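I have a structure here, written as structure tokens, and I will follow up with some questions on it.
We just call them A, B, C, D, E and F in the order they show up, numbering each chain from 1.
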Amino acid sequence: MKVAVIRKAHFNAAHRLHNPKWSDEKNDKIFGLCNNYNYHGHNYELEVKVSGEIDPDTGMVIDLKDLSDLIKAEIEDRFDHKNLNLDTEEFANLNPTAENICVVIYNILKGKLGEKYDLHVRLYETPRNFVEFPA
Amino acid sequence: MKVAVIRKAHFNAAHRLHNPKWSDEKNDKIFGLCNNYNYHGHNYELEVKVSGEIDPDTGMVIDLKDLSDLIKAEIEDRFDHKNLNLDTEEFANLNPTAENICVVIYNILKGKLGEKYDLHVRLYETPRNFVEFPA
Amino acid sequence: MKVAVIRKAHFNAAHRLHNPKWSDEKNDKIFGLCNNYNYHGHNYELEVKVSGEIDPDTGMVIDLKDLSDLIKAEIEDRFDHKNLNLDTEEFANLNPTAENICVVIYNILKGKLGEKYDLHVRLYETPRNFVEFPA
Amino acid sequence: MKVAVIRKAHFNAAHRLHNPKWSDEKNDKIFGLCNNYNYHGHNYELEVKVSGEIDPDTGMVIDLKDLSDLIKAEIEDRFDHKNLNLDTEEFANLNPTAENICVVIYNILKGKLGEKYDLHVRLYETPRNFVEFPA
Amino acid sequence: MKVAVIRKAHFNAAHRLHNPKWSDEKNDKIFGLCNNYNYHGHNYELEVKVSGEIDPDTGMVIDLKDLSDLIKAEIEDRFDHKNLNLDTEEFANLNPTAENICVVIYNILKGKLGEKYDLHVRLYETPRNFVEFPA
Amino acid sequence: MKVAVIRKAHFNAAHRLHNPKWSDEKNDKIFGLCNNYNYHGHNYELEVKVSGEIDPDTGMVIDLKDLSDLIKAEIEDRFDHKNLNLDTEEFANLNPTAENICVVIYNILKGKLGEKYDLHVRLYETPRNFVEFPA
């Protein structure tokens, strides 16, 4: 009898897709415009889904204020108005593709929410491209 | 080989989150602005997902006209332009959180649709907050 | 050479359309479901458009942080999670139709922004119904 | 540890719902306006979800350029600005309901993507009606 | 002191862009895929803006129920689930481009609303292409 | 009797708000997070509105294919997947605020479209912040 609660959030960031083990030619071939040397950027839209039992006293699965505070403290403050490659530990050595960003966000939030809740993360890189973890 | 058919609907309602077993202080602490004594309100957006086999004669899982008529008769007419706490039986003694409203809608529709179809309900309380049942 | 800057905001409120000079029958006839005695509610989406010259030092017409702080202090804190009829001075004796709410918001913001900027307000009562002032 | 990647696409097409084994009366009764003799049409919005492991060298599940090229070549070029009943092989003898179109698109793409990826297709016939396969 | 009230509506229709005075080659060159012999179609989204003074007794510029009934009777019932070229008088001899459809809708509604209100019509042919009259 | 035609487009770019005549402290105070040394980024959504008379032979104000080709060649190819500060001539010495980007886009397109059409540009920096020129 689990119910899912979804909260949307967002952050704006610069990034560059690049594999340092590859030549410039191969990076261009694989990542195309996303490999632009001076970075480009996105408005990332985030949907965090938390599933669990309804607490009979509150009628809620999780306090949405607590959830949105958690997302702000752990995700928005970390990534908003940042260069993901240069300004963050998480992507210093990890290519900031939408897939990798989504898994990183999942792992950060999972570590805070614990085993009580099921977690699912959807991340829009643009309105036409988005990713989900777990699939 | 099941296909899902999703129909959107909506209703506008007033509500107040409140637990009568708690003090005013505790209600304020837990529910915050949502505990406002004189109610506040939302445009609830509803997505009803019905899954089943495609009927080979019609090419349809369920007649969308029948489904939208059912949602209108059972959900919109019951909750639209109402005060959920004061004007409905369902929430006379049940806190009208998004989670509880979603489960109530699921149960009403499940009772009408029967075992032939799988049912899933998503309810948007605001464009940034929504819930789903089953999770 | 004026440029317009638009900031979106939102508030959730309960209201009832009612003219105390009219009989119950006439109120029902004119306002229909919107006259529901125990109120109903909406997610109001607001677009505040401020037009002026670009400041050559900042490249901005108005600091968006200042504008969103102003909207929060003057509009969201005043109307969010409120019953417009019962909890606000502005609609104690003014019918809270979308048209009247829009003009009230325009007048509040115009009084704060002064003559330096042109102002235009759009207010969505639902995704399918909205109003603008000035027309 | 699978991640899902979703790409949106769209096509505009005319269609008519009709079962040639039925009388005109029965077609009118079952399909209503959708049985209009001279066709009507829609902006179909498509979401193709492809799930798999992240390639550690690219950080990607699938190259989005490859996926959007595949959708263009196999779906958009086939159905965009077409009359589904008259201009396509797929619906020459299959009623072009949203359900059937969705399964046809799934089968076309599955045949190209193979077993490496899980596939899921969502098709919007209008902003308020959409279908998914598998359910 | 005029306020504008906007109501959204929609209709689904098939159409073909074609100038019978031109050769097939010229029609193909000018209209491209939109000239498809067997038609294609769209979900047309319509925004009807009506501007006027607020009635002090109702707090409304126009009764939204009356406006949406008018749009349904005059526009949706006329064009929804139709082939614009074959099933309507308006486009029997007028090319059903978005521009022409928009002006036709304006003229129909203007004839019903009269001089009391200013009228403006926006018509979306797709989410990325739309037109407005008057400009 | 002018009709307006609007075409949406988009580009993803990195930028930094900064006035080189000011101290770091003043830049931080005025531009806040937008002054991040290593840039951040956005999905810019663009609406280009072109107004003119309907050509009686085509039923169109402007060929949408020509308009979208023009926007691609002059705006998307110039700014998409770029760092506006480092990779473009236009913002080498002009602060890339939404206001300035909007006026630059207007001037580029106006130079190509000429006096035959009226032009208006709307630019979304985020879904909640956008600008228009002329106001």
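Some points to look at:
FYI, contacts are C-beta pairs under 8 Å (C-beta built on N, C-alpha and C of every residue); 3 or more make two chains touch, one makes a residue touch a chain.
Quantities reported herein were computed from a predicted structural model and do not represent experimental measurements.
Shared contact partners of chain C and chain D, listed by label: B, E. With contact taken as defined at the outset, chain A and chain E are each touched by D, F. Same interface as A-F, judged by over half of the contact pairs sharing residue numbers, among the pairs A-B, D-E or C-E: D-E. Should one ask which of C-E and D-E has more C-beta pairs in contact, the pair is D-E.
For the touching copies chain A and chain B, the fraction of interface residue numbers used by both falls below half; the interface is of the different-residue type. Averaged C-alpha coordinates put the centre of chain C at 29 Å from the centre of chain F. In whole angstrom, the spacing between the mean C-alpha positions of chain D and chain F is 34. Chain geometry summary: the mean Cα position of chain B and that of chain F are 41 Å apart.
Looking at chain F, one finds that residues 127 touch two or more other chains. The chain pairs satisfying the stated touch condition come to A-B, A-D, A-F, B-C, B-D, C-E, C-F, D-E, E-F. Of all the residues in chain A, the ones that touch chain F in their complex are 10, 12-15, 33-34, 36, 38-43, 80-83, 86-87, 126-127. Chain contact summary for the complex, chain A toward chain B: residues 1-9, 49, 51-52, 54, 57-61, 63-65, 118. Those residues of chain D that touch chain B in the shared complex are 17, 19, 21, 30-32, 94-100, 102-103, 127-135.
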